[in-house]
Structures are given as C-alpha cells and as structure tokens.
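Have a look at the structure that comes next, please.
By letter and in written order, the chains are A, B and C; residue numbering begins at 1 in each of them.
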Amino acid sequence: MLKCALAICRKDLTLILSRNAGIMQALLLGLLLVFLFSLSLNTGDALSPQAAASMFWLATAFCQVLIFNMLYASEELCGARSGLLLLPAPVQSVWLGKSLAGLLLIMAAQCVFIPAVFVFLGQHLADGFLPALAGIVLGDLGMAVSGSLFGALAAGRSGRESLLSIILFPLLVPLLLAGVRLASLGIDPDPLPGDPLRWIGLAAAFDAVFTAAGLLLFPFVYTGDES
Amino acid sequence: MNRSGTAAAALAGGLAFALCQWLVFVYAPEERVMGQAQKIFYFHLPLAWWGLVSFGVACAAGILHLVKRLPRHAQLADAAVEVGMVFCTLTLATGSIWARHSWGVWWTWDPRLTTALILWFIYAGYLALRSMPMPRARRASLCSAVAVAGFADVPLVFLSARLWRSIHPNVFAAQGGGLETEMAVTAAACVLAFGLVWLPLLIIRYRQTGQQERLDDVMLARMADEDDPTEENED
Amino acid sequence: MDSRAPLIVLEGVSKSYGALPILKGVTLSLRPGTISILAGGNGSGKSTLMRIMAGLVRPDSGTVTRNIDPAGMGYMAHDTFLYPALTAMENLLFWARAAGILSPEARAREALSATGLARRAEERAGIFSRGMAQRLNLARLIMGDPRLILLDEPSTGLDVPSRSLLREIMTDFRSRGAAIAWISHDLEEDSGIADAVLTIRRKTLSIEERSRPC
C-alpha cells in the first residue's frame, strides 16, 4: 500500500510541479488574499496578530481546495480513475498518496505565505514560535487528510471547486481555530493567556478523526460506479 | 412505526405542545432579570437537542447504509438531515433573539450557538451535495459519508468553540446552575413535547422520500417499456 | 489447481440502475487460452458486464469468482488511462510502480518496443494520436503480463495498423494461456479470432462456441 501511495504521490508532484500552471494559480490566489487584506490597514499600522494569523490560514484553506481539485481532476482526464481502482493495492493507497502530495504542496505554498504575512501585514516574530510551528504542521496534516477524502468526493462533479469548499470549510473550523490561535502566538509579543497545549491537542484530535474517516470512508467515496 | 402509530405520536405531540404552552406561560415563574423574553429558552433548548439528535440519527443511518447498502437507510439519513436543518435553523433564530435581548447583540461567540451555526453549514453542504445530478446509489453513498464525517466533527467543533472563548467571562455560567424547580420541570416537559413532534416529522419525511423514489422508479420503468427492448440498434 | 480451470466465473449476476434493469441472471466463465467476444447492441449492458467482471461495479445479486490475484488482471477500455502531461515513459513507469511491478524501467522499455513506441518514449502522451495513445495503453497492459484480460471497446477509433497490432498481441497472450474477454466494435474483423461469441439479448447472455478457424 505504501509503495503504491508513494508512486501516486511522485506522479502527482511531477504532474503539478513541472507540467502544470495550476499550482501558480493557488499560490497567487493566496498571496492576493493576504495583499488585499493589507489594504484595510492605514499607513504605518500593523494588523492585529490574530487577524494576520486568520489571513494566513484563510489563504492556506483556499490553496488546499485548489490543490486537491487539481490532484483529483488529473485522474478524470483520460479515465485513469478506473485504472487506479484496479491496482493490486487497497484503494486507500490513492487517498494516502494524494494526502502526501497535497501535504507537500500545501507546505510549499506556506513557505510563500509566511513571508507575505510578515511583509504585507506588518508582523514580527515573537517568543511563541514553537507552538506556532507545531500548529502549522498539525494544521497542514489535517488539511491534507480531509482534503484528500473530500476532494475524491467532489471529483468529476460540475462546479467541484465550490462544492468542495462548502463541504470542507465548515468541517475545518476546529482545525482553523486551533491553527489561528497557535499561529498568533508566534507573532504576538503580548499573547492572550491560555494553554497552547490544549490547542495542539485539539489539532491532533482533528488529524486523528479525519485520518480514521479517510481510511474508513474513502472506499465508499472513490468508486468505479458510473458517475 | 406504522401509520396509526405515527398519527398517535403526532396527536400526543399536539396535546403535549398545548400543555407546554400552559407550563411555559403560567406555571413557570418569570425570570427576574430577563423577564418575559426568558421564555424563549423553553423553545430554544428542545430545538437544539432534537436538532442534534437528528444529525446523530443521520450519522447512524449513514453508517448502516454504507455497511448494508439498502436504499432505505439513505432515505432515513436524508429525512433526518432535513428535519435536523429545520430544528437547527429555529435554534439559531431563537438563540439570536435571546442574545439580542440579554446582551444587546444579534450574534455572540457562545460555544453552543457557534456549534449550532457550524452544524448548520455542514449539513447545508450535505443538502447541496444531495441536489447534485448523479446516479442515486452514488449520491446515497457520498451523502452517507458526509453525514458520518460531519457528525464525527461535532465534538471537535464544540470543544474548539469553547476553548476559543475560554479567556473571556463565561456569560452562561449562571444559566445551568441557577434554574428553579418549576423552570426545570417546564424545560423537561418541553423537551419531551418537542420529541413527540420531532419523531412523526422524521417518520413522515422518511416515508415521503421512499415514496418519491418509488414513483421515480415507476416512471423510469414506463419510459424503458416505451422504447421497445427487442429493438437493438447498432451504430 | 487444474490449468484449464476458468479464471473467472460469474453466476446469476444481475444489475440495475434504479428501476432500470441492465443485466438479468448472467452466467459465464472464461477459460485460459480462449478469446471470447462480447456482442450486443448499444446500451445492452456489455460495458457494465465488463466493469462487473473487472470489479469496478458491484452487482446487485449473483457472484463473481476470480481464480487469479488482482495483479494478474488487465483491463483496457476506450479511455486511455494516460496523463497527457507526462511522457510515454513516465506514464508507464507510474503504472508499473503503482502496481508493484519489479524492475519497472526494463519492463516499460520492453512494452514500448512491443507496441512500436520505443522511439517515442520521451514524447508527451498529450501529443499522441488516438492510435498511439491506445498503443501506449496496450503497453501498460502488457507490462503487467496479465492472465485475465478484459477489453472494453479498446479499438474504437483506431487506425488499421493499431487494430491489427492489438489482435496480434491478444492472440499471442492467448497462446500463452490468457483468458480474454473482448467487446468489439468491429465484429466482422475481430470475431475471426474468437473462440466464443457471447451475445447479450434482452439483458441476458447467449453463448455460441466456435471451433478455432486456424
């Protein structure tokens, strides 16, 4: 299963990184969101850390939807979905492979968003950057496993981008709240009181629930029945 | 439950509702701070409870459908989500009125209210997915998957909403503890009465969904009969 | 196990979409070293039957028994299963790795030369003509060295040389003991090599065995 998942991940990364302008769209959309939000500031002002952290995760969430749409749309082009389903490995390998590819792509996109948050939204690094980093890693993991499950659900539907967003975003709320609160610790010199460990625990619980959901539900979502 | 059972439950629900009106407006004492507006609590609480139960039923029906692949479980999940959405919408409306009266705003980041709103969004997504054009069996399994994943998310949503606000004074601290006996009795009666309304609603809607699918089947079979099945055309 | 034992057996398989029955009580078996052509009008359920045999679609009732592990099955349809942005070689390498085939590069090279694509290995599949794309798809099938081969109208829209290449390769597989089920668009040409013609009429199957013409 792992071998097959790695093959799928490798193929998807080749497809998206070297042959496809799609990843640029996702990056640009995220950057644009961060930049447009900086327009709400007066000259010389800085955005509150929590608002800046929210913008960061909002950009990531939009990026996630576009990335998982791309990852699953490539299978519909020439009917490769049937081929994947017939591979002599559990169907969950497809979920795992796409999760991995999505995770790497989201992290790559964030390498662009993080400097943008500092530059456009006037933020400075603070003491709490370790929990912030943990929040980013756990948040990305949760986005990858849930995006891979629901991206498969929206694959091949008309209007799949909007369908994926309206199903995914409400489910992501707990993860986004944890991500925002933890990320704001990393840029807030005067953080809100509260235990970051509880937020880290919540994000980890989200990852666990949606990993389980992915493993259990994926075979029902990704099928060869004519759709 | 058969037809007369449903009718009996609906009738009992109606009577219980009437009794509740008396309990709410005559029996229960008026709350000192909130006055008359506090009475909306007796509607808000049962609506929220049974809405949540609805989504739980949808989750259970979704699991059953994925395991057994019987259309009737998917129909039950559909019916439960629809009824749950009605209850959830009313929960939000009553909660909003409450918030306006007690804190002067229509919306506030209260964990319970926020959870209800996010649930509303999750299951609105379910209904949007259900209205997409696709084969029935496929739609049923996709919707079941969303019902299951959505309900699994509920505890996380509630926890995160509570954690988010935990640094601010908990405006609801007094509400749970400070309930007088008459108020508690009234609230319990209201929960029961709403349950008796909820159950027949769910059953009727479940039956309707099943009948609708059967009608569609009959129409499809008619259409199939009309093009002669013996005629085979090679292109 | 008896080497003549059927590789796949379908018993009483029925399938309907909603109230619309597609197949009713279909029973068939495919033995090693045979080619069975599936015939029937448009919308007669040939494709659905093929997808049920492959395990892509679950039948409403009846059983499908495969006496072969999943890696030994090859499926080729009208869809080419290719990624247009990848080169021919990259496409094959992906499918080989995902299927856990040993020494994928050597196998991919072999398959490419068997289908006459060796010189096009580094070209993107997106610029291939229908015939070449389908030959690449055939190369994918060959890599797995399948013993049970399901062909769902692969030759529709193919040029004449590609079609005869397909026939050649399939007769070769048959001589090495593969069981082949084939939906063909081109009955007149392809039924020449068939050992049996299975026809779907009124949602069920009638079987006509033939003696091999050679």
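What we mean here is this: contacts are C-beta pairs under 8 Å (C-beta built on N, C-alpha and C of every residue); 3 or more make two chains touch, one makes a residue touch a chain.
Computed from a predicted model, the values in this text were never measured in an experiment.
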item: Contact-richer chain pair (by C-beta pairs counted) among A-C and B-C; value: A-C
item: Chain whose mean Cα position lies farthest from chain B; value: C
item: Middle chain, criterion being Cα centroid separation; value: A
item: Centre-to-centre distance between chain B and chain A (centres being mean Cα positions), rounded to whole Å; value: 30
item: Chain A-chain C separation of Cα centroids, rounded to whole Å; value: 38
item: Interchain centroid distance [CA atoms averaged], chain B/chain C, Å; value: 48
item: Multi-chain contact residues (two or more partners), chain B; value: 135, 137
item: Overlap residues in chain A, where contacts from two or more other chains coincide; value: 223, 225-226
item: Residues of chain C whose C-beta touches two or more other chains; value: none
item: Interface residues, chain A side, partner chain B - complex; value: 149-150, 153, 157-158, 163, 166-167, 169-171, 173-174, 177-178, 181, 192-194, 198-199, 202, 205-206, 209-210, 213, 217, 220-221, 223, 225-227
item: Residues of chain B touching chain C in the complex; value: 135-137, 216-218, 220-221, 224, 229-230, 232-235
item: Contact footprint of chain A on chain C as seen in their complex; value: 51, 54-58, 69-71, 73, 75, 77-86, 90, 94-95, 97-100, 133, 140
item: For the chain B and chain A complex, residues of the former touching the latter; value: 66, 118, 121-122, 124-126, 128-129, 132-135, 137-138, 141-142, 144-146, 148-150, 152-153, 156-157, 159-161, 163-164, 166-167
item: Residue ranges of chain A touching chain C (in the complex, touch as defined); value: 3-4, 6-8, 10-11, 14-15, 19-20, 74, 77-80, 82-89, 93, 223-226
